[in-house]
Amino acid sequence: MVFILNPSVKKEKINNFILSWERKGFSTILSVGTEHTAVCLIGNTSQVDLEHVVQTTDIVAYGKRITERYKAVNRNVREGNTIIKVGNAVIGGGCFTVISGPCSVESEEQILKIAKSVKNSGAAILRGGAFKPRTSPYDFQGMQAQGLELLRVVKNETGMPIVSEIMNQTQIGLFEDVDIVQIGARNMQNFDLLKAVGQLKKPVLLKRGLANTIEELLMSAEYIYAAGNSEIILCERGIRTFETMTRNTLDLSAVILLKQKSHLPVIADPSHAAGIRSLVSPLAKAIMSVGADGVMIETHNNPAEALSDGAQSLDLDQFNTLMKELKERAVIEKKEM
Amino acid sequence: MVFILNPSVKKEKINNFILSWERKGFSTILSVGTEHTAVCLIGNTSQVDLEHVVQTTDIVAYGKRITERYKAVNRNVREGNTIIKVGNAVIGGGCFTVISGPCSVESEEQILKIAKSVKNSGAAILRGGAFKPRTSPYDFQGMQAQGLELLRVVKNETGMPIVSEIMNQTQIGLFEDVDIVQIGARNMQNFDLLKAVGQLKKPVLLKRGLANTIEELLMSAEYIYAAGNSEIILCERGIRTFETMTRNTLDLSAVILLKQKSHLPVIADPSHAAGIRSLVSPLAKAIMSVGADGVMIETHNNPAEALSDGAQSLDLDQFNTLMKELKERAVIEKKEM
Amino acid sequence: MVFILNPSVKKEKINNFILSWERKGFSTILSVGTEHTAVCLIGNTSQVDLEHVVQTTDIVAYGKRITERYKAVNRNVREGNTIIKVGNAVIGGGCFTVISGPCSVESEEQILKIAKSVKNSGAAILRGGAFKPRTSPYDFQGMQAQGLELLRVVKNETGMPIVSEIMNQTQIGLFEDVDIVQIGARNMQNFDLLKAVGQLKKPVLLKRGLANTIEELLMSAEYIYAAGNSEIILCERGIRTFETMTRNTLDLSAVILLKQKSHLPVIADPSHAAGIRSLVSPLAKAIMSVGADGVMIETHNNPAEALSDGAQSLDLDQFNTLMKELKERAVIEKKEM
Amino acid sequence: MVFILNPSVKKEKINNFILSWERKGFSTILSVGTEHTAVCLIGNTSQVDLEHVVQTTDIVAYGKRITERYKAVNRNVREGNTIIKVGNAVIGGGCFTVISGPCSVESEEQILKIAKSVKNSGAAILRGGAFKPRTSPYDFQGMQAQGLELLRVVKNETGMPIVSEIMNQTQIGLFEDVDIVQIGARNMQNFDLLKAVGQLKKPVLLKRGLANTIEELLMSAEYIYAAGNSEIILCERGIRTFETMTRNTLDLSAVILLKQKSHLPVIADPSHAAGIRSLVSPLAKAIMSVGADGVMIETHNNPAEALSDGAQSLDLDQFNTLMKELKERAVIEKKEM
C-alpha cells in the first residue's frame, strides 16, 4: 500500500504519520520524488481501510494498493521517473547515457587512453573492472585496489564519473571515490551485499543475474531501496538460455517491462549479452529504440590483447562510429545525448 | 565445398560438371544467384583437392570449403542476398517488409477490414491463420479451408499477397493461391513437411522453433533448399526461457547472426515473442534497428474479441501509428518501406 | 466436468445421456475403464449444476469438476490406471516394461541379432527407427518402408511386439504391422498427426518435446484421446536446458507428476535424455525408483559403427547387465518384470 | 598437469620439488590422498616435457596432462575418492549420508524436536538455516546469530554434526561451532566467499547455482581447493528451466557426471529441486540409485506452519518412512547407512 502525500506537508507531520504505522507493526519506506512524496507500507495491509485513511488524515492526497511484491521501486509510488546525477552525467529522464571502458583496468596508460577516447566520442561515464569475478581461480582476477586507484587518477584527469564492480561488502571502504558501485550479475542475489550498498550515499548499478527473472531483479532493487538507497540503475545484460552461439541472450522485452513496472532508470549491456563484437553495435541501437535510459559498452584500445573479454570489446574507432550512429538515432527517439 | 562458376558458363557445361561429381558419389545443389552461379558439393569432401579442381576446370572461378553443416543457405555460396518477390512485395535486399493481419481468419468482414486498413498503413503482405496449431484440442482450430478461401477473396480485392500457415503436407493442394507458405515454430523440425514445401514453386516463411538453436533453424532451411526451393524467409519469433513475464524471449542476436551466416532474408515476429501488446511496437523498432528485412505483426480490428492471440494483437490505429514510426526510422536505417 | 457412471449401465442409456449433452452444445468423451465408465463434458460447464445432474439422472454415481485443461487423460476420470497390452507385453499397472533396440534399423542381420539378444535379456518390446528425424538433410534418414518391413520380419521370428516412429500421417498405411506407433519429441505438437493417430486402433507412444511443459504433454495426449484413441503411453526423454555436458536434461520429476496427474502409463528414455552411454544405466535405475511404468533403451550390437546415436547406445552385454540390475531392484520396487 | 608421487617420499623432497616449479612461474596444489600424494601444476604447461620430468626426478611415479580447466578437484589427480569425516558422520566412500532438518531454525523447541526425530530415523547430520537468502527483503531473514547458537545447543544435546549456510565472509567467526559450512546456490559464484571458506579447516558443502553448468560447479570447487581446503562436498539441487510445475529441475545426470569427473563426494537436495513434498521421497530414492554419496532433505515438525519452504518439507513421519525405504535400497546399492 502506498500513500501519496499532499504537496508541501511538513516533515514533522510526515514523521508522525510514519510512526503511527510503525507502532501498528508495519514497516515503512519514505519515497521523496521531485513531484511528490510517498509513504510505502510494508506488511499485511489486507485489513487496512485505504479510503478511511485518506479521509481521516489531512496529509494524504490518495492511496493505492500495490499487489506486486516490489513496493518502493514500483512505478505506482511515483508519477515521474527516478533521475540520477553523477558529476556531469545524468541517468534517467530524457537522457541516453553511455557508459564505456574496458572490462578490466590493466594499466594507467591503458585506462587513460581509453577514457580520453570514449569521452571524446561522447561517453558520459567510465567503466573499468578492478575486482573481476572469473569462473576459474587461475584466470586474471583484476588489479584490485590498485585498479581502483588508477580509476581515481583517470577520473581526476578526465572529469569522467567512474563505475566499478564491488564483489563483497568488506571492499566498501575502497570504493569511496567510485561514483557508481556496480553489483555484478553473479551477485544479484547476494542479499547481504545488497543491504550493504543500500546504506551507501551513492548510486548502485544493479545487473540482472544470468538466470533471474524480471521480478527477482526488482526484488533485489527493493533490498537496496529498503535499506535506504533510492539511487538504483537497473541493467539487463543477457540471460542464460539453451542457445550456444551467443554468450547469453539479450532480453530486450525486460528493458521495456522494467520501465513499465518501475520508476528506476534502466540500461542494458550488449557486450556481455552477446559476447561477440559484431553484435554489440546493432544491439546498442536496438536498446535505444525500446526506450532504455542508456547502454554500457566494453571498449579496449587493443581488444586482441585484452586481459579479459577481448572478443566482445569494441576498439576505440568502432566505439566512435557507434556513438555517431546512436546520436543520429537519439534525435528520432527524442533522447538527449 | 562450394564452387563459384565463371560468369555466363553454358548450362550444358554446368550440367556436365555437376554430373561428374554425382558420379563420384557426391550430392550437389545448384545455386543460381543474380551475381553468379554456384555449385555446392555435399558429402565427405576432405579428399577433394580444391585447388586442383579450380586449375583443371575452365568453368570454375574459385572454390571455398564450407565448414558449417549448412551448405546451400550459407552466406559463403553467394556474394549478394537472396531477394524474394511476391506480387508487388519484395523481401530482402534494401527493403523493410511489413507483414500484418490477424492471428486467425474469423470472417470475410473481419479479414477484409483488417486487410484494407493495414494496407493503407503500409503493410506489404497480409497474414491470416486458417489452420491453427493450438495447445488444446478444445480451442478454436481455425476456419481451415474456408479461411484460405476468404484470404483468396481478400487478396483479389486488395491486391495484397497473402501468407498462411500450413500444418501438414496433405494440405498443399489447398495452398495454391497462397503466396507464401508459412511453417510454424512447432513444425520447424517436421522434416517431411520441410521436404514437401521444398518442392513448391513459392516462397516459404520458416519460423524458428521455441527451443531450436540458430544452427538448427539454418539446417531446417537447408532441408527446404536441398529439396529444390531456394525462396526461404527465416523468422525469429522468440525462444522459450525461464522468464515467465513474457510469452517467449525475443532473441534479437539471432536476427543479426542469421544475416551474417546466411544469404536468406530474415524477419522477426514481435507479437509471438512478447505475447503482450505494449511490447510489440518497441520491439518492432528494435528489429528494424538490427538490420532485419522485415517484421510480422498481428493486428485485429477488435483485439478484445479475437478468437486467438488477442492479448498480443495491435488494433488498427496502434498499427498505423507503429507504421509511421517505422517509416521515420527506415530513413535513418537506409531501408525502403 | 466428469460423470462417473453406475456399474453395468446399459449402453443405450449411456448413449442417450451423451446425446442429451451434445444437444446442449457440449463435446463429450466416453472413457471406459476396467473399474467404471466415465463421461467427460468438454465446453463451458460453469453453468452446469453438478449436484442436480447427479440427483436427477439415475445412471450417474457421482460427478467432479475438472479444473485442469486436460480432461480425458486426467487422473480424476478414473480410479485405476490405464493398462495397455500389446502381444505378450503389458504397459502400466504393476509392470516395469523394457523397450529396447537400435536407434535405426540398419539391416535384417543387425535388427535380428539385437532383437534376439535384448529379448533374451528380458526386454518386452523391440524398438527400431525406420523413418529418422535428423537435424541435417544430409544425414542418414533411415531405411524407411524397408526398415518397417525388416521389423515385421523380426517380429514374426521373435514374437516381440514392435514400436517405431511415424513422421507424418501419410505413412499410416505403412504402420499396419507396427504394434505401437511412436510420436517423436519434435512432433509432440504436430496436432494433425496427433489427430490422425487418435483414429488408430493401436497404442501410441507419445514423447515429450524438448521444450514442452508437462501440461503441454498432457494436452497433446488429450488430442489423441479426444480423437478416439485411449491407449497412450507418455514418455519423458529429457528437456533442453543451458547445460551442454549432456544432450538433454532428464526431468525425473515429470515422471512422478505425470503419474500423479494422469491415469496413463508413463515411461522414460534415458538414452536420448543423456546422450552419453555411461549415464544410461544409472538413469534407468533412477527411472524405476520413481515409479515409472517402464524404460526405453537404445542398444546396438556394435555402437561404434551405428548409423545414428552410437554414443548413447548400450552394447548387448551392457544391456544384459542393466537388465539384471533392474530385475534385482524390481523386487524392492514391487514391479513385475 | 599432475604428478603422482612415489609412496613415502619425504616431505622435504616434496617441498623442493614444489619450489622448483614455483620458481619457474607455475602455481602448485599439493593433494594428499589416502593412497598417494599428487602435485598439480597450474599454468601454461604446454612446454613441460612430462616424460622428461618422470625420468629425471626420483620422487615422481608418473604424470598426466589434465585438459580440463579444473585441476585439483579432477578425478585424475587421485585414485580413490575424497572421504570427509565430521563427528561420527562420514561423507564419501561407501556411505550414503542423510542430512536433514528444517529450512530455518525457528526456536530451540522446534530444532531440538526435529533433530531428535531425524537422528532417530537415521539422519547423520543436522541441517538448519540461520541466515536465510530470501527473494524479498520483507520475508523472514532467519534467526541469524541466535539461530547458530540454537544449532550449537542442539548439537551438544544430540551429538549430531551440524551444517548451516554462510552468506558472506564477515560471518565466518560465527561459524566456529558449525561442522560443515554451506555455500548456497545463489553464492556459488561469489568467488570472494569461496576463497574465504577455502581458508577454513572444516568441510564446505557447495551447492550448484540455479543456472550454472557442471563445469562451473567444479571450477567453484577448484576455488575452494586452490585456497587450501580440500574437504568439499558437491551438491546438485535443481536447475532453472522453462518448466513451471516444479520449483527447479533436478539434474540427476549431473550427479553421475560429477562422480565421474571429480574425486569429491556428491550429494543432492531433492527438496529444493522439486519444491513439492510429494516428489521428495521418490527423488531421494532416485538419487541413491545413481550412486550419490548422500542426500539433503528438508524436514519440519509442522510443515504447514513453517516460516519458510513448508511446501517442500517432509513431516517427521514421512521422513521416517523415507529412511526405511532408503535403508532397504542401500543394501542393493551396496551403500552403508
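Letters are used for the chains, namely A, B, C and D, taken in the order the chains are written, and counting of residues starts over at 1 for each.
Definition applied: a contact is a pair of C-beta atoms (placed from the backbone, for glycine too) under 8 Å apart; a residue touches a chain by one contact, two chains touch by 3 or more.
All values derive from a computational prediction rather than experimental measurement.
Note on connectivity: the fewest chain-to-chain touch steps from subunit A to subunit C number 1. The greatest centre-to-centre gap from subunit C, using C-alpha centroids, is found for A. Taking shared numbers over all numbers used, the subunit A to subunit D interface scores over half, which places it in the same class. By number of C-beta pairs in contact, B-C leads over the other of B-D and B-C. Centre-to-centre spacing of subunit B and subunit C amounts to 34 Å, using the average Cα coordinate of each chain.
The distance from the centre of subunit B to the centre of subunit D, each centre being the mean of the chain's C-alpha atoms, comes to 49 Å. Shown for subunit A are the residues in touch with two or more other chains, namely 211, 240-242, 244. For subunit D in complex with subunit C, the residues that touch the partner chain are 211, 213-215, 239, 241-246, 249-254, 256-257, 260, 273-274, 276, 278-279, 282-283, 285-291, 328-329, 332. On the side of subunit B, the complex with subunit C involves touching residues 27, 42-43, 69, 71, 133-138, 167-170, 186-187, 189-193, 195, 209-211, 216, 219, 222-223, 226-227, 240. Those residues of subunit D that touch subunit B in the complex are listed here as 211, 240-242, 244.
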